[in-house]
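Common to both upcoming complexes is chain A, partnered first by chain B, then by chain C.
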Partner chain A sequence: MSYFAQALVNGIALGGMYTILVLGFSIIWGVMGVINLAHGEFVMVGAYLAWMASDFWDVDPFISAPVVFVVMLLFGYLVQRVLVNRIIDRSSLVSLLVMFGVSIILQSVMKIAFSADFRLANTDLDGAWRLSDQLTIPVTRFWILVVAVGVTAGLGLFLGHSRLGKSIRAAAQNREAARIVGVDVKKVYAVTFALCIGLTGVAGALISPLLAVQPFQGPPLTLKAFAITAMAGLGSVRGALGGAMVLGMVEAMLALYVDRIGTNLAVVASFVLLVAALVLRPQGIFKGLRHVDATST
Partner chain B sequence: MTGCPESPAVTAANPGTPLLQVQDVRAGYFAGQDILTGVDLEVHRGEIVCVIGPNGAGKSTVFKAVYGLVPVRSGRVLCDGRDITNISPQDALRVAGITIVPQLRSVFEQMTVHENLEMGMVTERHKARVRERIDYVYDLFPRLAERSKQPAGTMSGGEQRMLEIGRSLMFEPRLVLMDEPSAGLAPKITRQIFAAIDRLNREIGLTVLMIEQNARQGLEASHRGYVIEMGRITHEGRAAELLGDHQVRRAFLGVR
Partner chain C sequence: MRRSVRAFVLVSVLATAAAACGESPAEDAAPAEGDAAPVDLSAFDGAVRIGAALSETGKFAVEGRDSRQGYDTWVRWVNEEYGGIRIGEGRYGAEIVYYDDESDADTAANLIQRLIDEDQVDFLLGPYSSGLTTGTSAIAEANNVIMVEGNGTSDTMFERGFQNLFLVATVASDYTKSAVEALAARGVRTAVIAHEDTTFPTSVAEGARRHLEANGIEVLAIEKYPKDIQDVSAIMTKFRNLGPDVFLGGGHYNDAVLFVNAADELGFEPDAMLITVGPSNPRLVEQLDDDVEGVLGPTQWEATMAYEGHWFGSAADYAAYYQRLWGEPPVYQAASATASALALHLAIEAAGSTDTDAVRQALRALRADTFYGPIAFDERGVNTAKPMGTIQVQDGEILVVAPDAAAVAALVYPRG
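Here is the complex of A and B:
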């Protein structure tokens, strides 16, 4: 029983981490129809920034996260202006290839700059709270969960109620109609992409004390983000939270109840879940920003 | 609705320059392949004008030329006497006060009726002003008020078209371009839509330029009409006259 309680806690904590990791990917896909294959690399760059702050200036990742957000926001805006803007009206294959190229470039640049050594940032919010002999709460993950829930709520309010947020949703649902009512679709895309890359960088900063920071940490994160997004509904903020929680819980339970599965094999769980979700509910479990439609993405 | 409404343009109470003038416009997507080969038409304040013609004659291109979606190669488009040739779609809305109701479904399906109307005035910063306009549209279409919290995509095709028209009114347009308001709707619903356009015209003096595939109903709801064939205007006149014209009847109204 107490093992179960611990697995529950671990699942929720893992879910919080996945939430912050998936939001930016999901919204870019939902709003712009771009599958950002370089998502994991943006996480990685954010993680390196936080590690540098931690290693060089002894700044806690939870403190440097807002700065990482701003730096990555600007970086995202640059990538959007130089690359994504040009391919937005092309077929999805073009954006897949371009973003794949970006991911390779980022990996190589970071490897040249920092070598392939594994790094970890230091945080004061580490260790565990011991509630009983068999139940502990991992502190870092707890605070990541708090940030994730806060960011999710903030994004929900922003998209649901602000003028810009509504324009973003409108452009996601019907690009032509958005143009007709006077939405500057290019501007909406630029803002969306920059904001999402900023968020993605924050995710990297927050996991930098937990997950080894290295140039090739990205691809598995991209795959997870893909699985959660496709499962939960493109661009759905609540879906990202829900899907991330489901996946976190499933992985934690698998680790507890299936012998010798290990955390690595648990990765398979996300894809089993994805396939099951696609068969049972191809439109996504939650209502997304955009319909899953072969012609629109 | 059988008789055509009397055109306000022909009364002495409405002199002055037409609201929209299209003067000898040649336009097309590619140089040397003009779809419009010299189109002249005008719309006066308070008028409903219908453009009919066969598929591929250039009906939609007339709209696109006015709205800056296709380049005008020669000729002029004037709004209130001001040259707006090759204006950008955003300026057509903001500067010239022209809104468009496109042929394909253009509601934001997953947003509520209320949010859809808000989007019709997305460039307005004053919330009170937006609310005022929404109440105004609800007054015109009580049906939309009833459904204000419903996602637009769950309404019937006719209701969605009403919403599109309502949304186009949010901006207080001087002219609304309607691309086949009857497209994809059952005949009964089509009649309701045309009745609504007619009512708006009489109640708030809405000026409408529309394209119709459904030539008879379109003309019956209009003051004046134009027939476009092969990229130029071949007939024009009061809608009642066009409905009675032998050639027009044979060609477009299915009458021998």
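Here is the complex of A and C:
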């Protein structure tokens, strides 16, 4: 029984980590129709910022996360203004290629700036709470989950009830119609992108004590975010949480209950779910802001 | 088909294609070439041209840099201190042409072909990792060019009957031998193994299982995991339930971080933890400090080992020379790289020429005591004269605890 309980804890903890990792990616795709291939690299930059704070000034990543959020928000705003806004009306392939280019640029710049050495931030929120010999709760991941749930709730409220949030959803549903009723779509996009990159940076900061920080850690994270988003529903905040939890749980159970190759199966699982969702339910399990096959407008 | 998904797939394919056809070497290669220690070869009677593809970017960027510094240590030493490679009456300078293989097997293979065809190197030194060495050595073999290496140790590479591949380091299957023997002597009864399912970690794990069983230790479970894994909680949960005396984990640097953290988070406390790559690297010890205390790791070489040779002097002398050049102490990957180049150098001198057949004969006949340990290749091309060492992190220091001949401290068991 406690074995199953530990599997649940592992799954929820993993789901929490995936949630915070996927939110920014999902909303950018859902609202703007841009598949942010540089998502993993924005995570990586956030992780570097937190590592620097931890290494140079001994600041815990959970403390520096708000600062990382602000810095990445500004960075995201800049990228949006300089790059994304100029190509947003063109085919989705263009934005895909541009973000792919950005990912390579960020990898190279970080490698030149910091070398390819692995780094690890230090957090005081580490170790485990032991409920019994067979059941522990990992402290870092627990707090990541708390942040993930908090951010999800906050975003849900923001998108659902604030004026700006409603504009964002309007722009996501129909860009032209939103323009006609007076929504400043460019401003909405700039805010959305900046906010999401800020959140993505926070994700990087929070995982910086768990996964070694290095310039090439991004691509597997982008792939994971892609799978969860396409499976759960584009731009759906509930979907990001739900999809991440489903995947975290499936992975944890497979890895724990299948001997020898369980961890391998777990990695395949996300793509099995993705393929199944695309074929059977293209609007995503949790119904996103747009279909996967929606065009960029 | 869904437009955005199709676009995503397209870009993924593009990315793979860009990596696979080694497009970037065409642009990147030129600066990589000759950005080694600037060598003035005009003082010599000629030059021995050696080629190497090493990872400056990608997964193996850290180890790739260490390997490169190892090779460059030999270049600097042979040209500046030793006075050039002696071939007959002449003195030949050494130069190495480098390319960045981006930690990618296809890129590495293309670069090796390029080194042979376009750069016309006389010999090759190995890349980092078994995965990259497997493919590149096949190309070297097909072109009848000798490759001496110290950082690709997978056993399967030496079961192919190649004539031109030589390894100065201990093969992967023997990585855990001295550690397992030392642990067996302390009464260990049970063990579990987790390993990445790629070439090198699999060889290490299979060897470990053999050594464990040969020493009467029961293997309770073996778990495989894919590369680039981000969570090992499930594996460690399973292992915690089995309650083994020893945990053996094998993969690459980041896996060591994951294992140590997950063990801590899950309260999995085996009496000994042996992790294949990581513990012998001071950077890991610095980053994980207390959590890594008592962890064991195999090491090809440590500066404290009591090895000595005519070239570079003792292990400590080598370490001091390396430190002078690079401002940091050598990790074993660097020492292995230097030793590979040294073995090639000695064989060229013994052969009295750079002719491939003559040098191959000389490599096979080579018997040398060096700072790296004894070097003598068996019929497979594997150096079987050097045993693998085992280190343990004790009070934040990396100390050799096995085999007895090389040990500077006693094994702490249980790790406490």
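Note that in this section the second predicted complex is superposed on the first by the 289 of 297 C-alpha atoms of A that agree within 3 Å, B and C clash if a C-alpha of one lies under 4 Å from a C-alpha of the other, contacts with A are read in each partner's own complex, and residues count from 1 in each chain.
Note that in this section contacts are C-beta pairs under 8 Å (C-beta built on N, C-alpha and C of every residue); 3 or more make two chains touch, one makes a residue touch a chain.
Quick caveat, the model's predicted, so the values are computed rather than measured.
Asks: Name the contact category of A:Val109: first (chain B only), second (chain C only), both, or neither.
Replies: neither
Asks: Which partner, once the models are overlaid, touches more of chain A's residues, chain C or chain B?
Replies: The partner with more contacted residues on chain A is C.
Asks: So in the superposed three-chain picture, is A:Leu157 touching just chain B, just chain C, both, or none of them (first/second/both/neither)?
Replies: A:Leu157 contacts neither chain B nor chain C.
Asks: By the touch definition at the top of the document, which applies to A:Ala276: first (chain B), second (chain C), both, or neither?
Replies: Touch status of A:Ala276: no partner.
Asks: With the two structures laid over each other on chain A, which partner does A:Ala5 touch: chain B (first), chain C (second), both, or neither?
Replies: Touch partners of A:Ala5: none, neither chain B nor chain C.
Asks: For A:Lys166, decide between first (touching chain B), second (touching chain C), both and neither.
Replies: Touch status of A:Lys166: first partner only.
Asks: Once the shared chain is lined up, is A:Leu74 touching chain B (first), chain C (second), both, or neither of them?
Replies: The answer is neither, since A:Leu74 touches no partner chain.
Asks: Quick one: classify A:Asp184 as touching chain B (first), chain C (second), both or neither.
Replies: In the superposed model, A:Asp184 contacts chain B only, not chain C.
Asks: Across the complex, what residues on chain C touch chain A?
Replies: 1-5, 7-8, 10-11, 14-15, 56-59, 61-62, 65, 197, 221-226, 228-235, 237-238, 240-241, 253-254, 257-258, 261, 264-267, 283, 287-288
Asks: Considering the complex alone, what residue numbers of chain A touch chain C?
Replies: Going by the criterion above, the answer is residues 3, 6-7, 10, 13-14, 17, 29, 33, 35, 37, 92-93, 96-97, 100, 107, 111, 115-120, 126-128, 130, 133-134, 136, 138-141, 210-212, 214-216, 220-221, 224, 226, 230, 251-252, 255-256, 259-264, 266-267, 278, 282, 291-296.
Asks: Of all residues in chain A, which touch chain B in the complex?
Replies: 163, 166-167, 169-170, 173-174, 176-184, 287, 289
Asks: State the interface residues of chain B toward chain A in the complex, per the touch definition above.
Replies: For chain B paired with chain A, touching residues are 89-90, 93-94, 99-100, 102, 104, 106-111, 115, 118-120, 122-123, 125, 167, 171.
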